[in-house]
Structures are given as C-alpha cells and as structure tokens.
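One chain, chain A, appears in both complexes that follow, with chain B as partner in the first and chain C in the second.
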Partner chain A sequence: MATRFTSGKFWAYMGLLAVLAALPWTLKGNYYIYLAIMVGIYVILVTSLNLVIGYTGQISLAHGAFYGIGAYTCSILQVRDVLTFWPALLVAVIFTGVLGALVGLPMLRARGPYFAIGTMCLSIITALVLLNWQGLTGGTSLGGIPGPGQPTIAGVKIDFYSNKVYYYLVLIVAIFTILAVHRIVHSRVGRAFMAIREEEELAEAIGVNPMRYKVLSFSMGALIAALAGGLYSGYMGAIDPEIASVGMSFNLLVMVLVGGAGTISGAVVGTILLWMLPEVLQAAEEYKPLIFGLILLVIIIFMPRGIMGKVRAIHPRIAEWIP
Partner chain B sequence: MEQIAQQLMNGLITGSAYALMALGLALIYGIMHVANFALGAIYMIGAFLMYYFVRWVGGGSYLLGLPLVMVVMACVGALTERYAFRLVRSAPHATGFIVALGLYMILEGGSCVLFGHDWREIASPYNDVILNFGPVIVTLQRLLIFVVCVLLAVCVYVFIMKTLTGKMIRATSQNHDAASLVGISVSRMSLYTFGLGSGLAAAAGAMIAPTFMVGPAMGLEPVTKAFVVIILGGMGSVRGAIIGGFALGMVESLGAAFVTSMYKDAFAFGILIIVLVFKPTGLFRR
Partner chain C sequence: MLLEVKDVTKFFGGLCAISQLNFEIREKEILGVIGPNGSGKTTLFNLITGVHKSDGGQILFRGERITGRRPHEIVRRGIARTFQVTKLFGRQTGLNNVIMGLHCRTHAGVWGGLFRSRRTRAEEKASRESALELLEFMHLSDVRDTPAELLSSAQQRRMMMAIALATRPTLLLLDEPTSGMSAEETAEVVDLVGKIRTGGVSVLLIEHNMKVAMGVCDRIVAIESGEKITEGPPEEVAANEKVIEAYLGKD
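This part shows the complex of A and B:
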C-alpha cells in the first residue's frame, strides 16, 4: 500500500476523481448536468460493448437492444407495481444477462459479417416487438416510471429527483463498471477473450473454448447494458422503443471504435468526444448522424486502432499511465 | 385461391427489387469481401434523385430518369470505392464493414440535412393505370418494377457470365493474386463492381419509390433484407442472390396476408436468425 500512495499515477487518478466529483457544482444550468448524466450512462454502455467488440472481437449490433430490454424490464416491473426501483433493476440486469447468454449461444456460432448482420436483425426485431406489444410495453412510449425516488437511508433523505444526486449515482456505477471491466480483461478470462479476438482457431488449439468465452463476454456485455438501461429509465421517467433501435447500436459502435476498441480509456474518450462534439459545434440533432459517420470514417481509415490506441502507441510510459 | 395468386404476384414484385439489391451486394461481396451496407443509402438517394427528376422534368418521362439515376449513383458508388474502401483493402474484413456503416451514416445523415425528414410521394403516371389479369390486379407501375428489375438482373447476369469484363470480374473474385498475374487490374475491377452494384441499388430504389414514400430512412430495411438474401443464397453467389430475392418477397407477402401483417418486416430477420442458428455460414456456402 505504501507504494500505491506514493505513486504519481494513484494521485493523478485521485485528482481526476476529485474533478469529476466537483463537476456538477461548476456546471451552470440543469442542461449541462443532464449532459453529464447521459455521458455517464453511455460510458457504462460503451465500456460494456468494448468488452464484446474491443476485447473479444465480436462486432455486435445488438447492444442497443439489450440496453432497451434492460430499461423496459426495469420500468415495466415498477409501473405494474411488482417491484420498486432497486429490486427491479436487479431483476432486469439478471434477466438481460441470461437473455444475452441464451441469444449468444446460437448467434455466436456465426462469425464476422454474419454475426454483425445477425445481431442487427435482433435489434430490428426487438424494436419492432417493443413498439407492437402494446399490452406490455405501452407502444410508442412508456411513462410514469417512478425511478429510485426519495428514499430515507439512516435518517438522511436522498433525493434522486435532483440532477446532482443522480449524477453521483451514475458516476459511482460508471466507475465500478470501468473497474470491473478492467479487472476482467486483466484476468485469465480477459486473456482468453483477447486470444479469441486475435485468432479463434489458435485460441482453441491452446485450450480456450471459444464458444464458452464468447458467450460469457456477450452475456456480461448484455448484463451491464441492462444496468445502464435501468439507470436511464429511472432518470428520464419515460422511455420509448427508439432506445433499442439499430441507430442506437450504430452510435455505440462508433463510440467504441473512435475512442479505441480494446482500451479502457478509449470507451470513455469516445463517449465524451461524440457527446460533446455536436454540443461544441452547436449542431442541430439532425446533423448528428452525418458528424458521427464522418468521424467514424476518418478514424477507421487513418487511425484503425482509434484515438486512445494511437495515443497509447506513442510511448510505453503513456500506455502505462492510461489503461 | 385468388388471394394466394394476388399475394404471389405482390411477392414477385417486391422480390424483384430485393433481388436487384441483393445482386449488387453479392457482386461487391464476391469481389472485395465487403458487406457494403452503404448500398441502403445509395438506394435511398436513387429514390430521391428520381423524385426530383419527376418534379422538374415531369412524370411522363419517368422511365427516362432511370438510366440517369443509375449512372449518377454508379459514379457515387465508384467514388466510395476509390476514396474509402480502397484505403482499407489490406485491413481485416471487419474494417470494410465498418467503413460501409460509416458511409451509410454519412449518406443518410447528409440526406436528412439536405432533403429533410419529410416523406414525399413520386407522382408516377403509371401509378393510376390498373391492369387486370383474371383475378390478379396490379398497377402498371408495379408491373414496371417487375419488368425493369428482371431485365436489369438478366443483363447483369449475361454481362458477368459472357463478356470479357464480366469474366475478369469473376476471375478477380476467385483470386486477386492470380488475376493480377494474368494482367487484370484488381483496382479497376473493384471500381467497376462497386459502380455496378451501386447502380443496381439505385435502380431498385428509383423503381420502388413511386409505390412507397420517399424519405432518408427508407434504405435501412431493404439493405438489411438484401443481406439476409445473400447470406441465405451464399455470400457472393449471383444466382443465389436473384433466386433468394424472389423467395424472400414471396415469403413476406404470403406471411403478411396469412400470418400477421404487424410483424411483416420481422419475417426476413427471423428467418436469418433461425438459419444462422443451424448453419452459421449461410445456406449455400460457396
């Protein structure tokens, strides 16, 4: 521990954490806190997709679908008065994780473009079902989701309706997600993921069961996506099938690849960049796909490993400091 | 019985457009191993060009617009090859797919900005002419879709199988190095194929458009279905693409009429997922 507290890296991260903790107090107006919360939710989503795409090498276009299924499961359980927010979130996360495994088991047998297009079809079907199964999902929109509300814990009332409080909730979950994914990819399991990414046959030859690890990665990705979905529904109070659309999966893919697939920091950088750029450019909503597409194209042609892949390759010292 | 005949006719018509689109995708996949998703946007822009052509020149010359649209979009397709896909030719296959996604987002996003989100109608004069074949009713426009798509598909098939350039394209798709050795320019063949595929997709869009609405979001669904077709028909197989396109059209219209119309668009994707479960590399692997 002594070395940890004297290392510059540790204090650099503590400084970053302090900046993130102070962020809502420096932002003027609720809109910017809303943006910070959305970026946080997307960091969770993109980090989990990075596990599937960046570390396991499976281009999934079903991540938006799992996000949507998580959000809907969590919300429906609350709206129907079956469960309150936290248990509903837990059920949604487990349900979506299991669903991810069940779907992944057959789908992951397909490879490359077959897998990408197969998962895209899953997204399309999910969005169609969410829209058309009106008895369950409310059709075009589902509102009146209570969310975490204003519980009293140890005599202290925590008001989750406040933007600042929700920001800290999302921040904590995002940090834990990043730490968890970091732990996973630096474990034996993570090395198996990366072996499959590099060369599936070779991985199999050295005793890694590709199907088992691919399904594990896909299911973990789905599970974390559902967590993000639950947080989103609790924040917004209303959701619509659009969150499970193919466009959503496209955007998440762009964030992973632009930031740098297979780097922990890449998912964060990609998310922040692609949320902030339209804001900085003062671009209207309708310019977003154009901007995203242009960035994706430029990055994939000139920096195939993404921004953080490039930055980390400059010097080993940088790669040591930035995961 | 009458309803079945009517639905089969409808299936043939939408199927012919799927076949044309799938043919373009299959040619490009065959030669460059790129799942060129951008064809969905090319299809959509083809429909938009036709919309403006009919608005400015008049509906009477609708069919004159078709070759024009095809040539313009073939040039656009060739440009995407030259300035995007060629740059990543030596990268892993997945990169080509991602470039295609990026192009799709640019073209669709650009169209939203340029044309707006509104859905428009193309006033084709053939929409109002109704023909009766016994129990089967069809508008002249829909008959034209079928005739033009089949004609184009036959022309391309003959071009690929019989002409020298077609043989060079086929040689390139079999083996790049061997094709280079006998003096075929792989880059040029790739350029031609992207142009040809894009022209076909634009033709499908321009023909189908008068029976639907025209809008920037119209391309996603047909290109995804065309993917389903080429995965079922064997990636890169010309014959598989044509037959598969018609088959999908029939399944959809019969399914919509006799099973459920709400999930009409989900049939293709459901079939694909089921096929991938049992045959992860598609039905007819080349």
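This part shows the complex of A and C:
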C-alpha cells in the first residue's frame, strides 16, 4: 500500500480529482455548470456504451433507447407517486438491465452490421412508443418529475435543486462508473469480452460462451445507461422521447469512436470534446450533426482507434498512466 | 480409449465431406491425419470440436458422447485445438493471450471482478504464474509484453499452441502446426509436440509435411475425399499403395 500512496500516478489522479471538485466554483454562471453536469451524465453513458462497442466489439445503436427507458421508468414511477426518486432509480436500473438481457438474447444472434441495424430499429421503436403511448408517457413531454429533491440526511439538508450539488452527485456516479468498468475490463469477464471482440472463433475454442458474455455486456451497458437516464430526468425535471432516438444513439457512438473505443480515458475525452466543440464554435443546434459527422470522418481516416487509442500507442509508459 | 470417432459423416449441401469415418485415439498417443488438400481433415477437426454438427455417427470422448455439444462445452471437457489459419487475440500481449486461454479453468465472475475479493486476486496471481510457465515452455518468454499481431508467424503458431495448452487439455488437436515454417522452426515444434505428449497430453495432428508426420506420429490415419484409406504405423502408411496414389496420382 505504501507504494500506492507515494506513486506519481496516484497523486496525478488526486490532482485531477481536486480540479474536478473545484470546477463548479470556478465556472461563471449556471449555464456552464449545466454543461458540466451534462458532460458528466454523458461520460456515464459513453463509458457504458464503450463496454459494448469498445470492449465486446458489438456496434450497438440501442444505447439511447436504454437511456430513454431508464429515464422514463424512473420518472413515471415518481410522477404517479409509486416511489420516490432513489427507489425509482433502483427499479429503473434493474428493469432496464433485465430488459437489456431479454432484448439482447435474440438480437445478439445477428452479427456486425446486422446487429447495428437491429439495435437501430430498437431505438426507433422505443422513441415511437414513448411518443405515442400517451397514457403512460405523457406523449411529447413528461414534466413535473420531482427528482431527488431536498432530503435531510443526518441533520444536514442537501439541496439537489442546486446546480453545484447535482454536479457533485453526477461526478460521484461518473467516477464510480468509470472505476467499475475499469475493474470489469481488467478481470476474467472483461478478458472474455475482448476475446469475443478480437477473434470470436478462438474465444469459443478456449471455452468462452459468446452468447453469454455478449448478453452480459449488453445488459450491463443497458443498466448503466438507465442510471444515466434517471440522473438526467432528476436534473431536468422534464423529459421527452428525443432522448431515446437513433440520433441520440448515434451521437454516443461517435463519442466512443472519436475518444477511442476500448480505452477507459477515450470515453471521457470523446464526450468532453464533442460537447465542448459546438460551444467553442458557437454553433447552432442544427449544425451539430454536421460537425459530428466531419469529426468522425477525420478520426476514422487518421486515427482508426480514436484519439486515446492513438495517444496510448505512442509509448507503453503513456498507456500505463492513462487507462 | 480417449477419443472414439464412430461412423461420422458430414455433408455440405450435396457434397460428402466426411463419409462414415472410424478411428480412435489412445491415451498419450500422437496420431497423425494425412491426406491431400480438400480431403476433409479440417472438417474432421471442426466435427470433433463442435464447430460443425455431424450428419451421422457419433464421437465419444472418454466414453462420453460429445456429438452435438458446442465448442465451449467441448474444450471444458479437455479437447483443445489450434487453427490452420492463425487465430490470436491480436491486440493483446503474449501474456494476456495465454491468460485468456485459462478462461475455462478459472471462475471469477462480475462480482469477483468488481470487488477483487481475496479469492479473485489469488486466482489472477495463479493465472499469471501458469501463463508465464506456458510461455516459457513454448519458448515465448521474450514476447510476453508484445502484442500478438506483431509476432513472427512461427511465434504466432507457437502462441496458438500455448493458448490451447492453457485450457489444460487431455487431447490437443493441431491443424498443420508447422505450415510456413523453416526447417529449424519445424524441428522446434516437433520437439515441443513430443514434450507435450510426455506431459500426458494426447495429440491429433494434421500434417502436410510427410517427413514431420512420419517423424513424430505413433500412428497415422490417411484419408482421401472424406474416407479413410488406411491406418497404421508411419512406415506402413507411407508404403501403402493407395496413399502413394492419393499423393502422387496414378502412374
């Protein structure tokens, strides 16, 4: 343990953590804290999608659907006074994880582009159902979601309506998501995912049941996406079916590929880059797809393994420091 | 008897790839399968390992029927294989490739990975140690940190054997392990195959190079067009008229 606390790497990460903790106090205006919260939620989403795309090699366009289903499940339970935010979040996460497994079981039989198209259809269907099942979802928008509110824990009132407090909530969940995914991919289960990604026939020949691990990865991705969805609904107080659309899934896919599929840091870098770029360029919403498309094109041609894939390949020492 | 192949038949469409094939492998035996291109050798491997489903007959491993089982179930029972076309986990280091091969002999699941319990950490440590031993055995110690896709083709073929051995098989199926190798590299593999047998593993070997097959095998099965033409000690098979005919054509 002594080495762990004296290593440069440990202090580098501590420094990064300190910067992230100080961030909301340095940002001027609520808009930038809103951006930081959205980046945090997307880091959770992209990191979990990376598990499916980057580590297991299955190009899924259903991640937006699971994000939406998680957000709606969590919200509907609250709006109908069935549960409060935290238990509703737990139910949403478990429900979406199980749904991911049930949907993955038939869909993951399809391979490569066929799986991508199948999951794309899943996103389209989900968005349509959310829009048209008005009795359940409220149609074009579902508002009045209480979220975590202002609970008092051990005599201290925690105001989740405050942007700063919500930022810390999202930050903590994002950090735990990254740690969890990092641990999974460096375990026997993660090696089975990567075996499937790299050579499915050989994976099977060494005893990996491809279906079992593909479904596991897909289901874990869905579960974490629902967590992000619940956090989003609790922050915004209102949600709409757009969050489950193909466009949403596509944006997440671009973030994974640009950052570097199959690298932990890539999911973070890709998310930050694609959130910040339109801001820096002061681009209107309708130009976003154009920017995303162009960036994706350039990255795929010049860095097939994404930005962090390229950076990590420069030197083993860099790969050791940046996961 | 370790493996019994009984009346196994396989059709691809109307083409009969394997026709009522019978043979057996004994404990600690090196059995060679020879035959011209397209005679059904690799199909035979795919039938034994469960990649293809046979259309007739059955395959028994240690007396248990394995016909119809999936590849990942069969390797668990102790039959490992290599591929004719090199297949490796290209982006992984040499060490990781072999550790991946230990999948079916390790147990950690999602919770073990997440919480890194004492048991999981002990398992990881043991995996690493036995993978390092296997790398040394296959003369691959110096490439343990090199991505598999960057190895020489001879190293890659030995790496494929190391991965197969990591599954702790009692029967190892090698599909042309020396293809594309120099005489020196071939001799190295032949020597290793002998050592693997000494370690208690039976070997079923597909070999194109007759010299290699003659040198290393205890017995040889010769097949042509999916049918067994003869079986016996190497010298007998080499002298068999039908074998000579199949390889060289009729005078």
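Everything below uses one rule, namely that the second predicted complex is superposed on the first by the 323 of 323 C-alpha atoms of A that agree within 3 Å, B and C clash if a C-alpha of one lies under 4 Å from a C-alpha of the other, contacts with A are read in each partner's own complex, and residues count from 1 in each chain.
Just so we're on the same page, a residue touches a chain if its C-beta (ideal position, glycine included) is under 8 Å from a C-beta of that chain, and two chains touch if they have at least 3 such contacts.
Small disclaimer: the values here were computed from a predicted structure and weren't measured.
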Chain B versus chain C as contact partner of A:Asn30, first or second or both or neither: neither
Touched partner set for A:Asn132, first chain B, second chain C, both or neither: first
Broader residue contact with chain A after superposition on the shared chain, chain B or chain C: B
Partner chain(s) touched by A:Met194 [first = chain B, second = chain C, both, neither]: second
Touching partner for A:Tyr287 - first (chain B), second (chain C), both, neither: first
Contacts of A:Ser7 with chain B and chain C, given as first, second, both or neither: neither
Which of chain B and chain C A:Thr140 touches, first, second, both or neither: neither
Touching both chain C and chain B, counted on chain A across the two superposed complexes: none
Of all residues in chain A, those that touch chain B in their complex: 59, 106-107, 109-114, 116-118, 120-122, 124-125, 128-129, 132, 246, 250, 253-254, 257, 286-294, 296-297, 300-301, 304
Chain A residues within the chain C interface of the complex: 180, 183-184, 186-192, 194-195, 198-199, 201-210, 216, 220, 316
Interfacial residue positions of chain C with respect to chain A in the complex: 49, 51, 70-72, 75-76, 80-81, 83, 87-92, 96, 99-101, 103-104, 106-110, 112-114, 116, 120, 123-124, 145, 163-164, 166-167
Residue ranges of chain B in contact with chain A within the complex: 35, 84, 87-88, 91, 93-95, 97-99, 101-110, 112-113, 117, 220-221, 224, 227-228, 231, 235, 262-263, 265-266, 268-270, 272-273, 276-277, 280-282
